[in-house]
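Quick heads-up: structures coming right below.
Each of the two complexes below includes subunit A, the first together with subunit B, the second together with subunit C.
Up next, the complex of A and B:
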């Protein structure tokens, strides 16, 4: 007797499995579902790659490391691949350092009279881009005891013009931000306008005046041209102690960087785009699966037991339906600053008694009257055995589409909370990038890539699950299929 | 007799919903002040503000350190009393509860209304009209697009446009505010023909007509983004319902009787579909209350959602709680009204007084 019952139960499960397998075959027939599946698979591969290539701890550390770590990156740079689509080549960043010797860098220290040394550093680089650099910085590191070195910095344009940028006495760690030296900007502008013997009517930034073709085209900010060729930066100095050493690094910041560009803190946006993927998938899928199962269990319990249990569950559900979900989430996120995991827990806790409970209860009220359930009751199956082995498997297939369809909702919920500025502050996610971009006026400044990249990821994720979900819905709900 | 049953049913539901609101609002207050965490933050902020204001006041320059400390403590404890912090949370929670339910929402800690008031009710009341204006407009447009589009599609089942819309429906999985970003990008940032956000031009036009025109201009992008996001799904779901009900037996019978198509549509299809359409509309409405938060933030639309964002950034507890309470009331009223409408539309409910949930 016992054996027979086991067999019949197994049969129910087998039947369901068979149904699912058959549905999967049907799924491939639909093109939209195939596209959806491919998108999801691609996102999963990106996630696996990200987790292996850039471990979580490292990503978080890189993301919050601040500007110091990213000092060699340009600020708000476009992704590099824009150069492929444009005839106007935007500059890449050029970094030259005496600590990393290569062609175009030379450092000589010549002993002069007594303790005096003459030091000469020369950086030369080929500049073949169609746009001006974004910034120009010079970093010094020197070793001395008391007397600091005395330096003169020269800039030599491809046409041989020699410009003295600055004469300075440096400390042990000195940064010279050339592009924000406003006195120099004034002098350089005057030099060019004297040369052309015409006044320059606009504020010419240093990155322009150091790289510009000095003819009449320089008079108008719309027509200025870049002088292409080999530039030299020349540092000549005197040191006053025998064992003084000096290293210098020149950064000519470009306007493109990496495959994703950089943000306002010079960080590589790519890190957040990559890490956003596993986080969005894990967050969305966990939330939708757990909530759906909680709802379905509660719905089944409510419909099976009826009476007080039913009343209690229904009343609690109604209370939760009155609680405005998003404002409460915003409130919780503001007051408690939860980590991403706690945020997930809060979302689940608020959704356990969601509207789904009522929907599933209505379905289970019909299912519980089916003869096979009555048969189970007749052989003496326990309440929970009936709920988990008889009621739930029956409804599960129809549940799958709605689980898949609700994944984007939770992906977007995380993005919404980040966008409202109450997301997990440590973890780089897509929503956070959009929030940063909005906060620092990306749309006003025309930095579209900053908004478009995370938006594209959000959209593609959402579309993947939606395409799959809508097709599943048609397969599992035959009534829709005919229509 | 039947109407009496219905009224009793409505009364029952009304009381149930009222109890739900009571519990929900209390839960909100408890969640908001879990473990007194918020109290602690607000207290330390008050302390900072008090000591700074005294330190910066030249009139108190002569005070030495102990006098200074005493003065700070005095003003600080007065300030705490003003905000009701000297009583235990349980006591305060019931106070808060009563205040919240009677919409006596207290004073904001940091934000103030346009007119300079710190009264939370005034601040929220000031922001309610813009939200209602924008989202009622959006919902009405969506409702009619869905109804008309769904009806005409259900007649042309299998046509090119029908298949296209079915194919494009997954686009509706992206929320309205998300399309809003692209709308801003295209129409404000790139083409520069429509404003980035806000409700009126700055400075606001003086004549009423120009003012209305300016508001209308600011409404275009938010409405457009919601239409792009949700008109497909609402058309599609209406169409599905119409098709389901036009293949019912009684519709077939009506056809067999030779009734004209328009009568069948109106009397046999629309009539039975109406409760579902109302459900759909209600869900749309409720989700628009929620979606308003992000949409208003993206478009800087000065409504409740935008206020919530501002209150979040300023850590203004009373306003946040106030907004949650307002939303709870809005939800409760929507649900109650819908249940009544349901009863009127669905004769079964009137007869049995049974339970047909809205959602």
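Up next, the complex of A and C:
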């Protein structure tokens, strides 16, 4: 007997596996479900990769690090892959530093009379892009005791033109933001207009005047052309102490960066796109599962016990249904620190007594009258046994698709709340990117990528869950089942 | 009436609706020896199922009156509180096979798990032992053990019915309440189930209350017959005597409506329908449809004992 039962249990396990495989096959028969599943799998892979490659603490630190940390990145740069789709090649950022020696960088210190040294740094780089760089910065770091080095900075264009940018005495850490040197801008503009003997009638930024082809096309901001070729930056100087050392770094900021671009604080938007994925999934799935189950339990309890319990649950539900959701969320965020977890709790708390309670109660009012429930009562099943084992499983088939379908609702909700300023200030999420973009006028400035990237992620997430959900609905809901 | 296995006296169950009180079971009294089967017959809506449900205390929510005495082996079940009843009587001494037995299995639980629910709920045995028992009981009813791991929808109607019967047999009940166990089954399956019940009756000897609207079916199993009309028992009789000579006019008309094989007989029917159980008329409740009615019928008829285990509630018999 026992032996027999063991054998049959093995058979049953096999049968179960077969059933699971069968329903999986059934699922991927529908192309839409296959696409949905692939999207969700991709999102999950991204999440896992993100959590491993860029741990949460590090991501938050990077996101909050401030502009200083990101100083080597261009501001509001497009993602690099736009170059693939455009014949006009946008510049990438070129960073040249004497601390990281490579071809095109040279630093020579020649002892002269007495303690005097002559220092000469040369940066040279090939500029083959069709657009001007966005900024130009020069950073110095030097070691000396009392007497600062005295430097002259030369800019040599590919055609051999030598322009003196500035003569300066530097401190131990000196930044020279070339592109915002307005005096220099004026001088450079005058130089070009003298050369062409024609006035330039627009404010020519330094990034343009340093890289422009100096012919008549430079007179119009729409026709200015980039002079391609090898540019050089010379730093010639005198130091006044024997052991004085000087390092310099030249940043020629481009207009594209990384796979996702950068935002107004030069941060890599990719970090937020990546971290937005696990957060969106966790947030959406948790909220939707918890809320669905709480709704269904409350509906079942309400329908099963009737009487005062029913009245209480239904009245509370009605009160919660008329509460304005968004204003209350904004209010909560004002009073409490809106961490992501608090937001999740608040959303769940506000949705437990949601419309779902009403719907499920209506279903359970029917189910509770089924003969098998009466039979269960007759053989002594208790209230909660009946609720959890007899009533609730009856609606699970419709519950699963609805959970899957409502995941995007909560992903969107998080984004909407972030857009309203109700978001965790620490964690980078898709909603926060959109908020930043919105606040700094991304669309007004034509920085479409800034809005489109998180929007794309939101859309693709909701599409994945929707495709899967609709198909699950078809499989689980007997009324929609095909064949 | 000492030594009776089951003794029901003045059993009353009313429930309240928005339109008034429904007198579903009204002063029902009968008794039963151990191992005997009483068939409760009557038209739809005359309180047969209510009687069974109130005996096992699966009551509607809007119950208003629930009283009387139900002695099972001398123990008054009506005096037990819900907890004791649950522990000692419901589905241990008394089992109930519901009317819609076909739909009485939870569609999302496997047969085996379902069958051991009553035992698991009361922590009687370990799960494995209970499953073993279930397998054994099923086998004795002609179902192989592999069905323990099937879902109810994979079983035929007759099989599901047998599963419910097996569930009931697993606790070795003293009293089985069968609420139309063969309704909505085809004739062959019906015969099959009836034979099974006969076998159970002979071998396990539980007392049974067999509720049916099918007079001919009742003859298969019954030792006693109780005819119910409008919430009351109008005739209680020994089966053999009943089929030959029913005493109450209603029983007589009921017997005349039963078709017989071979004999060419004009099937009779009773015109009209039973009175509403909401405020039933005073006096004999069958009065309106009775061809033998006379003045006296406007008064409530008493129970008239015509012999051992034989009484009738009709003024006609009071006269003679």
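One rule holds for everything that comes next: the second predicted complex is superposed on the first by the 454 of 483 C-alpha atoms of A that agree within 3 Å, B and C clash if a C-alpha of one lies under 4 Å from a C-alpha of the other, contacts with A are read in each partner's own complex, and residues count from 1 in each chain.
In the analysis below, a residue touches a chain if its C-beta (ideal position, glycine included) is under 8 Å from a C-beta of that chain, and two chains touch if they have at least 3 such contacts.
This one's a predicted model, so the numbers in the text were calculated from it and none came from an experiment.
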item: Touched partner set for A:448, first subunit B, second subunit C, both or neither; value: first
item: If touched residues of subunit A are counted for subunit B and for subunit C, the larger one; value: B
item: First, second, both or neither for A:177, with subunit B first and subunit C second; value: neither
item: Subunit B versus subunit C as contact partner of A:378, first or second or both or neither; value: second
item: Contacts of A:49 with subunit B and subunit C, given as first, second, both or neither; value: neither
item: Touched partner set for A:390, first subunit B, second subunit C, both or neither; value: second
item: First, second, both or neither for A:306, with subunit B first and subunit C second; value: second
item: On subunit A, the residue positions that both subunit B and subunit C contact, one per complex; value: none
item: Parts of subunit C lying in touch with subunit A, wherever the complex brings them together; value: 53, 56, 58, 61, 86, 90-91, 95-96, 98-101, 103-109, 117-118, 121-122, 128, 131-132, 135, 145-146, 148-149, 164, 167
item: Residue ranges of subunit A in contact with subunit C within the complex; value: 1-2, 4-5, 8, 11-12, 15, 306-307, 370-372, 374-382, 385, 389-390, 393-394, 396
item: Touching residues on subunit A, where the partner in the complex is subunit B; value: 32, 36, 315, 318-328, 330-332, 334-336, 355, 358-359, 362, 405, 408, 412, 416, 419-422, 434, 438, 443-444, 446, 448, 451-452, 455, 458-459, 462-463, 465-467, 469-470, 479-480, 483
item: Residues on subunit B engaged by subunit A in the complex (per definition of touch); value: 16-17, 19-21, 23-24, 27-28, 31-32, 34, 37-38, 157, 167, 169-175, 177-178, 181-182, 184-185, 188-189, 196, 240, 243-244, 289-290, 293-294, 297-298, 308-309, 312-313, 315, 317, 320-321, 323-324, 327-328, 330-332, 335, 357, 359
